[in-house]
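Shared between the two complexes below is chain A, which has chain B as its partner in the first and chain C in the second.
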Partner chain A sequence: MADYHKMWEGLGMDLATHDQLCAALPPAFEQVFLTQKDRPQGMDYFNMVIAEVHGLRIQELLEHKARGGKIIGSFCIYVPEEIVLALGGIMVGLCAGSEFWVPAGEQVLPRSLCPLIKAGIGAKVSRTCPYFQSVDLVVGENTCDGKKKAWEVLGDIAPTYVMDLPNTKSSAGFALFRRSMADLVAKLEEVTGNRLTFDGLLSAIETVDRKRAVLQRLYETRKAPKVPISGLDMLLASQVAFYDDADRFVSQATALAEECEERIKTGKAIFPGGTKRLLVTGTPIVVPNWKVHKIIETSGAVVVVEENCTGTRYFESRVDKSGASTVEELVDAISHRYFDRIHCACFTPNEGRADDVVRLASEYGADGVVGLNLSFCTTYQVENEKLRKRLQSEGIPFLALETDYASGDEGQLRTRIEAFVESLGR
Partner chain B sequence: MADYHKMWEGLGMDLATHDQLCAALPPAFEQVFLTQKDRPQGMDYFNMVIAEVHGLRIQELLEHKARGGKIIGSFCIYVPEEIVLALGGIMVGLCAGSEFWVPAGEQVLPRSLCPLIKAGIGAKVSRTCPYFQSVDLVVGENTCDGKKKAWEVLGDIAPTYVMDLPNTKSSAGFALFRRSMADLVAKLEEVTGNRLTFDGLLSAIETVDRKRAVLQRLYETRKAPKVPISGLDMLLASQVAFYDDADRFVSQATALAEECEERIKTGKAIFPGGTKRLLVTGTPIVVPNWKVHKIIETSGAVVVVEENCTGTRYFESRVDKSGASTVEELVDAISHRYFDRIHCACFTPNEGRADDVVRLASEYGADGVVGLNLSFCTTYQVENEKLRKRLQSEGIPFLALETDYASGDEGQLRTRIEAFVESLGR
Partner chain C sequence: MKQSIGIDLGSMGIKAVLFDGSVRDRLMIPTGWNPRETGEQALREIYARNGIDPSDSPPVVLTGYGRNSLGKAGPSVTEITCHAAGSAFLFPGAGTVLDIGGQDSKAISLGREGTVNDFLMNDKCAAGTGRFLQVMAALLDMELDDFSRLPEDVPPQPISSMCTVFAESEVVSLLARGVDKHSLALGLLDSIAGRACAMLQKLGGSGPVAFTGGVSRSRNLVRLLEKRLGRPVVTSSDAPYAGAIGAALIAQKSGKSRS
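The block that comes next holds the complex of A and B.
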């Protein structure tokens, strides 16, 4: 790997602390991923992206900036990537997945807050996230109390814009969401210095939809009785979608999908017969948070689908641009895709999510559902009660887990997961 | 006290468990309130109301129902009492202030949730709150993640309607709020069988404003160098405002205010010289949550003002009905009063609250500010960081406390409060 210290220094990073992070990641990655058997060869590319996630990709972003392009950071799939792309920007997911950043977050936030938010703010406070140091704007959103109020704190230390969201999927809620979308367009036009055009936005929609389509194609292969790819590897590929260049991602993910499809044809099994198939639903799982997938897949089960913001919610629906002939109509179509089709627990009621879980469990042949929520994520934790009842009425076994980024609970999680897998019988 | 068991039985209550609650309250009340010295005689009425809070007042509500009136329960001061009253309803605050109800709440809600929500839902689950058993409708509101999602759970066991709220005080936010107000009017008209009239609504606005005015008058007396009433007693009187008949409350609170004004004239001191004056800001303090006020007022300080939803936020602003000549215009005026003037941490940004704290600290001559938040109340806890910075820049000492309804942390709270009071020096 090249030496990026000069680049990081130029970004105002805390090099000594960041070096500790860089030293910790490779052995963790090796232990989680490289110990798996029969990984698809197509995963080599995704291994490389993670290895270079603070290096080569940052270098590319800085080259983009040098050409006058802008970098927009986000923590949420309600922030419309199409619009950023259409304005010549690149959207990146910000650092938020490691315990490494939590203590710095706790300097300015309460401890009883979800680790994703604490890690996100902590990554900026500690100046150890090169994405945070590179962005021209962070687009936050009012999806939960923790984030909504954390943006007020972040606003003092990073260029922050907040996209307002409503609490219900009512007509008044959509009116507010559509207005927020218009306000965001205006803000991004100002930051990028570009104007949205019909052709530009149409092309950006098509680019992002290609990314969604290839993720859907990859996920389809997990429906096979003999799954051709582990949940861990699929999780990694999905996570990379939030960082990588869109076109390159599509090309590499397509190659991986072809390899998985070939495996299905040849009947290659990578998990032993009797391995239980699990659907994971809940809060987002971002790099390098691979903890629970690792435990599940070393406890006699395989994750076949993730109903969360880094899984199906991100890619299952497309922008319905048929009939749109103006920029405004395209923005309408984008707004409807995000508002109508993503079922986040930030909305009340949120029956669409339970419907999705039941449908996906059937489509992917899941033997059980794991509700995997980050600690202190109030919306998802309270929603569990309704979800549990719904799954019970459908006869689908359910295990609710709550965890953070620390490793202290791994033994306890393993015990509960093993017991759950065993209870699935056979 | 009369025997109300027959009435409670008719309400479908769990009598045995409720008896335990009834047995626990009087000694707790006595220990907290009756051990105070030189209480105003006017407090006798408020003592009586608390003693009869599950008895006489419920009997009155049931008489109201027998006459065809409706009872509307609420947990939040954004729910407009004027409209309930104008439609011949009575609005009551629901049980939510005791540890007694928390375990039942935790049967259906996560433990990492604020005690107010857990107690509220637990009071219904355990059938030990006669208010919950009497209401024709609970009007919830989307002010925080916990409540927003808890209404979904409550909806299965109680008649629940949710008032949608936005997350920002923007023009789009107001449009949504105004729409929610119209929807609530329609719902309440349906439930009560009555229609809003101009004269009825005007009269209800005047009634509620009289209640607010007398609370303001009472609070004014706490600005005196020698405070005529303890923070505990004032807290009790404020809490009663959420349960009592409005006109009777105004009359009794007026008598208490006159007594306090007389004390100021005669220079009567109820706390020794050198007692520190504290402003308490944060989350609501509902019956029978008197814990921190008690500790403060037995640690060398007196609470002179509460900037919270059971304090100044409830009564400081009035409905500006000047110029309104239709029902719609009155509802506009009500909407603006609630939306523009109440500064809840559920909104982002919420600078108005910090402005209020600074202003009130000056008006009431506070030596320091106590930020008193219920555990797991994310919005207020995260907002503390901004508030702390603001108070620091104003040179106002600040102590942030986080607590629940259990008594386990009383020793620790006392240690921290005593140290804070001592630090305020001379």
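The block that comes next holds the complex of A and C.
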């Protein structure tokens, strides 16, 4: 990686602390990813993106800003990327996946909060995330209790806008969501200095839908009896989707999908016969959180699908823009795509998620389901009980795990996962 | 039945059994700081005591948290699978297993032929485990074995903290208030029973519960568990060896035949 210290200094970063992070990431990446056998060649691009995640990509964002474009940060897939793109902005998922940022987060937040929120806020507090330092606006959202209160804390140290979200999937809930979408459009128009146009929004919808389609195409290859790509590599590719330039991501992911499809044709297996296929469901898995996938895939199993915000919820549905002839109708269509089709535990009830898990388990031929939740994530933890009962009635084995970003519980997690895999039979 | 060996490398004790359809030999050694060395020692003793030539060893299966530290001796299987198999052998009528060991506790619902249907494990801390009792025993100036023969005519003193560190300060303040030591010891056991019950009830099931692991030696705890659960709790002197017995049973299915 080139020397980006000058760029980081210009962003007001804490260089000494950030250097520690930069030193820790490559060995961790190597140990998790490069020890895998028979990785698709198409993963080289994604390796490069991770190596340059705080370098080249930030440089591109700064160039975009120099041309007058805006950078919008987000922590949630209810924040519509289409609107940001249509207004000449770039949307990035913000840093929230490492234990590295948790202590700084705990300076301003209680310890008994989910590590994603603590790491996210900690990345800003410690000035060690160049994305956070580059954004013109962070769009927060009223999803879980932890996040909606954390925005109040973040608001003091970063430009923050909070999108209000309903609690129920009712018609009143949709009305609130649609109104929040209109408010967000107004806010983003103000920040970017641009106005939404029909053609601009249509083109942005098509760009984001192409990203969703290629992720879907990649996921489809995991349905094959001989899985052509590890869960870890697929996780990395979908994590990169939150940072990368959308068009470039689509072309690189298409090449990777073609390679995986070719592997299926030639019957190439990267896991031994008898490897158990697992569906992972629960809370988001953001960069560089690769902990549980790594343990699963070194315990006699492979992750074939993720039902979470960095998995199927991110890409499974498209915007139904048929019949829309005005900007307002396009925003209606976008609102329906997000509100109707993303099943987050912040909503009550949230039966759609259990239906999705059961359907995906069947589509992907999963032998079992792992409910993977971040510590202190109340909504998902409570929902686990209903999910357990539902899966029991469907005859699908279920293992509930709760963990954070620290490595201290890897031994216990491995024992649980190995035992679960053993119980699935040989 | 041919011979096989199971070794359970637990956090506090290493258990080894020689098995040929019934348990021919068993031993337990404190794990100490080096599970690999202690595990090797356990295996050597099993060989020596039974006149087995190490170069012609019966099949060995390893289990317990240190199961991967004795790589060459044999394949490893998790303690959950092994406790299920061992408990089904020791307690044929039980459909549920409660295992409380040195650093964790687990509840297992048994499937056919001692397989695992479902399981739950405690949180990642040592709350309500052998380690918890060890710390409390030191505080009360008692031996671990004393937790098996407490008088039953004293009321258990309710202890609200389950965390080992918090429970320690709670016990210290209760002692300062002059609470009877046996009452405190029973209270500690009853808090373990309460926690175990919550786990068993979450798992569901009915009928007898097989209680295994080192902590199962406490007769007082067995009675407290039965009272809370309303289900019979069965255990035996071989219950701490259930994991090792399960490993030996699994070893029967693999490896060369030997009479």
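In the analysis below, the second predicted complex is superposed on the first by the 426 of 426 C-alpha atoms of A that agree within 3 Å, B and C clash if a C-alpha of one lies under 4 Å from a C-alpha of the other, contacts with A are read in each partner's own complex, and residues count from 1 in each chain.
As a convention for this text, contacts are C-beta pairs under 8 Å (C-beta built on N, C-alpha and C of every residue); 3 or more make two chains touch, one makes a residue touch a chain.
No experiment lies behind these values; they were computed from the predicted model shown.
Undergrad: Aligned on chain A, chain B and chain C: do they clash or fit?
TA: fit
Undergrad: From the CA centre of chain A, what is the angle out to the CA centres of chain B and chain C, nearest 10°?
TA: Approximately 70 degrees at the chain A centre.
Undergrad: Could you look at A:Leu87 and tell me whether it touches chain B, chain C, both or neither (first, second, both, neither)?
TA: Once the two structures are laid over each other on A, A:Leu87 reaches no partner at all.
Undergrad: Which partner, once the models are overlaid, touches more of chain A's residues, chain C or chain B?
TA: Of chain B and chain C, the partner in contact with more residues of chain A is B.
Undergrad: Does the superposition put A:Asn384 against chain B (first), chain C (second), both, or neither?
TA: A:Asn384 sits against chain B, while chain C stays out of touch.
Undergrad: If we overlay the two complexes on their shared chain A, which of chain B and chain C does A:Ile71 touch? Say first, second, both or neither.
TA: After superposing on A, A:Ile71 lies clear of both chain B and chain C.
Undergrad: Have a look at where A:Val135 lands relative to chain B and chain C in the superposition and call it first, second, both or neither.
TA: In the superposition, A:Val135 touches no partner, neither chain B nor chain C.
Undergrad: Given the touch rule stated above, what does A:Glu418 touch, chain B (first), chain C (second), both, or neither?
TA: After superposing on A, A:Glu418 lies in contact with chain C but is clear of chain B.
Undergrad: Look at A:Asp409 in the shared chain and tell me whether it touches chain B only, chain C only, both, or neither; answer first, second, both or neither.
TA: So A:Asp409 only meets chain C here.
Undergrad: Measuring by CA atoms in the overlay, how small does the chain B-chain C distance get, in Å?
TA: 5
Undergrad: Enumerate the contact residues on chain A facing chain C in the complex.
TA: 397-398, 408-409, 411-412, 415-416, 418-420, 422-423, 425
Undergrad: Could you pull out which chain C residues touch chain A in their complex?
TA: Against chain A, chain C makes touches at 65, 77-81, 104, 111, 115-119, 121, 124.
Undergrad: For chain B, which residues count as touching chain A in their complex?
TA: 108-110, 112-113, 142, 144-146, 148-153, 162, 164-168, 170, 172-173, 175-176, 179-180, 345-346, 348-349, 375-376, 378-379, 381-386, 402
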